[in-house]
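What follows are several structures.
There are two complexes below, and they share chain A, which is joined by chain B in the first and by chain C in the second.
On to the complex of A and B.
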């Protein structure tokens, strides 16, 4: 343990002083009010048009059903709609409002919408220049000439990275709750959310459906987001070891993640795309019971794929970092 | 920054990050446990959806407010109306001017394209959403039967299936369709016996095709039987639409040659509102 803790402290403070985490917070502080405002507008329209949430839900189910009868809609969409209809029907049958407007519900839906693009982006803000940044400023020489094993240096960077990923996820949840709560109220902790929908083809199996209080749901979401963000973070660390410039490292990772998002929306025809890490990032979907991007994907499958990518990323990072010659 | 304050900063970041990590890991662990080994537990739920106050009066003008519920097939959906209003929204607009002193609102329009009477009966008996929407309404408007009679699977494909509609088929479908219609009316009455119910009768969209012109006779038969069924309930009434789509087919029918256009729906809406007191 000797010298490891001071190293971690050093790396953590370095990231802090580079003000990357402030950027993350600033982005959240700007974006969350915008989404809150949009959500408020939607709620106002719904209040005007519908007597209560049941009417609204009934109408939503009806709209999906009408889409199902249209010949123009691709089969893949219909499958998703069919699943959504059955889930909404489940909520209606149990007299639970799936979207009751409050701070916790907003946080829940914000987090699950942000998992594929927004969180990876925030993570990249911290992770992408961990090593490449030292190269471009030349400080890497100073770092490596100290009498410390190289793996310890990279390891301390990794721990600092884990710290900031955790802080990002938690800070986003807290900010979401505080900001949206000011508009929608701070309630909703105990509201039941259904989870455990099993999807077989286009039918929903509800044998294992059970209600969890919303605070627990948000906590589970946070855990899953943390895992997918950590995978992105580790891969970004790897890229920043491999690539000299920070800009190149951000672009590489961003391209991979955006490609994954596009693939998951069109990949029903290309099944082996499910082995790409970026297609597996949306772990929260399994929790809510939304159909996976490619048929046959499950939570365990995605977790294994992400774990393999992360392990490979760590292996490459440590291998290259400890062996490569530093010249610049 | 002095050594001391940087130590304090490190402690603050370190501790909160560590706490966050532990919380998130716990959440992750719980999520995995919850999803990989799910436990079936039935959710007892809130007390069942309490039906909102149904209509207290039989006459709309005496009510405190008017809530409209619309169910049925593509006609109620408004297919063919390029403005998207259909007859339902035009009815609501006309009601607003007719009963200007009480609030009028559309509760739900639950029409489905291509719906047949047997499917509607199924929805009415099983779907809680339908029951809920109908129970809180004091005016229920509906159309059904067109798809039963003309055997058209979906509102979007009327043009393709027009070719294979024969008069014989229409004749054969009529008694079956009427049985289903009876079921629908009974169910509506069971769900909400107090609301005003208006049914817009059928018309023959193929009046201008020589070999389908006699289809109008079948349509009339349907309308007559439908009226007989609804006549048993004093709160129900039926408005005719067949005359709108005979000589004026070009004015009131939309391009798909099956559904009314905006003006056609407007005429139906006027008739529905005229029938209400």
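On to the complex of A and C.
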């Protein structure tokens, strides 16, 4: 380990000096205020239309129910709406406003919306050129001709990557809270959020539903986002080992992730799509009780699938990196 | 101190190394030794397998068969030990352009035991970069990157320094400085392995040389041995070219070479009017000059010209096909 620490320090420093993490922060600093502004506009409209948040919820439920009676709505949508109606009703019955605007609520909804595309994108900014970047600049030749075994080099890159992925998740949550709190107030830590909805076909099982304070909910979200971001990061590391150019590496990963997002929104009847990693990234939905993209998927199923993909990614990365000939 | 046995004297030993890439034998047979304190040239035209061989020496490419040992440690089996004895620059000196020179050196120092800040300052001084070492590498010229690359290679006090085409992109002054630098390192007991496609460069810099062509080492020996084996050209210029030519042709042991049969670098011939190209025993030059003067033919110049690399190859491969 005493030999690994300096290597990890090297890799962490290189990512820092390349200013990759600054890019991540900059993107967050631009986007979060935009979303905060949009959220503020929505809150203003709602305040104008509804004196009481309960009325708003009731109207939303009515809207959904009208949709359900329409023939032109596809069955998939109806299933989602039915579930949403039951959940809203649950909040209404327990006299809890699921959308009360404050910094913590904003953070919660921002994070769960960002998990499929936004976080993977931020992760790719760091992960995609970890190895391919060294290859395209030729510095890999310097790196691999030093008296250090190759697995140690890749391992130190992996540790640095884990560090920056964690930092990204934490930084995004903190920035979200700080920026949106300036507008909505910094409260909402203890507000109850219901979790534990179990979805059986098109009905919601509320036996296990319980309220958790919102801070805990955000923490749980953060953990799940970390898991799905880490999976993306490891696969991106693998692609950057396999592909020589950084551009190709980013495009490959983006294509895979976007394809997964499209597949999940198609709620396809193609059931085996659920084994694709990108379809399983939206882990936070299980917490909030949204219906999964493909019927029969559960939190533990998704976690196992992601773990398998990550393990395979690590295996391929280390295998190829330690064996491959560096020709140019 | 260890016992200085004969085997100890060999810093790098390459035995029967072969490499197949995509079903094609790129390196067919490479065998040579580099001894302590010598400057070893690795000579071959572009595409002959020089760089592939160098990459195998430093564990960037795994040989299909054969053994490479550095100070007795097998590069394949024990890379951490073996690589700790060498410093290298493969092709261009690639360093991280977004860091300063000093930060680059710190980076590579962390990859090896026992290199402290003092050592970094030391190598910076050896390559004479104190002025600019804290600037970002992207502001460096090629020559400075080269120096930083060498500083990086020297960090771990290597016993063998491998430089791949080090004079590429350097101006004549830079090349001269490099030559002196290399000699200085060798005088301190370091071995150097230098690849090049220019015979003249190897002649000026190296003690011994291996010549590689089409993935095979054709010969290993001292530079003088190999050059003499190929034979020198002697160029003559007379004030009466025709008469001079007749005079030379009359001698049995002097061979006149036609203008499309030689392998002399065109740049040497460019400035000469009517040179007569011969191969002859150089000890006979003085006698021939005298003879010419007696015959009333003025000698404008006599010049010995070393054969080019192509010439050497031709001689060697011809010898091979005859033998």
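Here, the second predicted complex is superposed on the first by the 326 of 328 C-alpha atoms of A that agree within 3 Å, B and C clash if a C-alpha of one lies under 4 Å from a C-alpha of the other, contacts with A are read in each partner's own complex, and residues count from 1 in each chain.
Methods note: a residue touches a chain if its C-beta (ideal position, glycine included) is under 8 Å from a C-beta of that chain, and two chains touch if they have at least 3 such contacts.
Note that the structure is predicted; figures quoted are calculated from it, not measured.
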| item | value |
| --- | --- |
| Combined model on chain A where chain B meets chain C, clash or fit | fit |
| Which of chain B and chain C A:212 touches, first, second, both or neither | first |
| Partner chain(s) touched by A:147 [first = chain B, second = chain C, both, neither] | second |
| Partner chain(s) touched by A:245 [first = chain B, second = chain C, both, neither] | neither |
| Which superposed partner A:89 touches (first chain B, second chain C, both, neither) | first |
| First, second, both or neither for A:295, with chain B first and chain C second | neither |
| Chain B or chain C, by number of chain A residues touched | B |
| Which of chain B and chain C A:325 touches, first, second, both or neither | second |
| Partner chain in contact with A:261 - chain B first, chain C second, else both or neither | neither |
| Cα-centre angle that chain B and chain C span when viewed from chain A, reported as a multiple of 10 degrees | 160 |
| Partner chain in contact with A:13 - chain B first, chain C second, else both or neither | both |
| Lowest inter-chain C-alpha distance for chain C and chain B in the superposed arrangement, angstrom | 6 |
| Overlap of the chain B and chain C footprints on chain A, listed as residue numbers | 9, 13 |
| Chain A-touching residues of chain C, taken from the complex the two chains share | 21, 55, 58-62, 79-84, 86, 88, 90-92, 94-99, 103, 107-108, 110-113, 152, 156 |
| Chain A residues touching chain C - in the complex, by the definition given at the top | 3, 6-7, 9-10, 13-14, 17-19, 137-139, 141-149, 323, 325-327 |
| Residue ranges of chain B touching chain A (in the complex, touch as defined) | 6, 9-10, 13-14, 16-18, 20-21, 23-32, 34-36, 38-41, 43, 45-49, 52, 67, 77, 105-114, 127-130, 132-133, 136, 154-157 |
| Contact footprint of chain B on chain A as seen in their complex | 8-9, 12-13, 16, 49, 51-52, 54-55, 57-59, 61-62, 65-66, 69-72, 89, 92-96, 162-164, 166-167, 169-170, 192, 194-196, 207-212, 216, 219-224, 226-227, 286-287, 299-300, 303 |
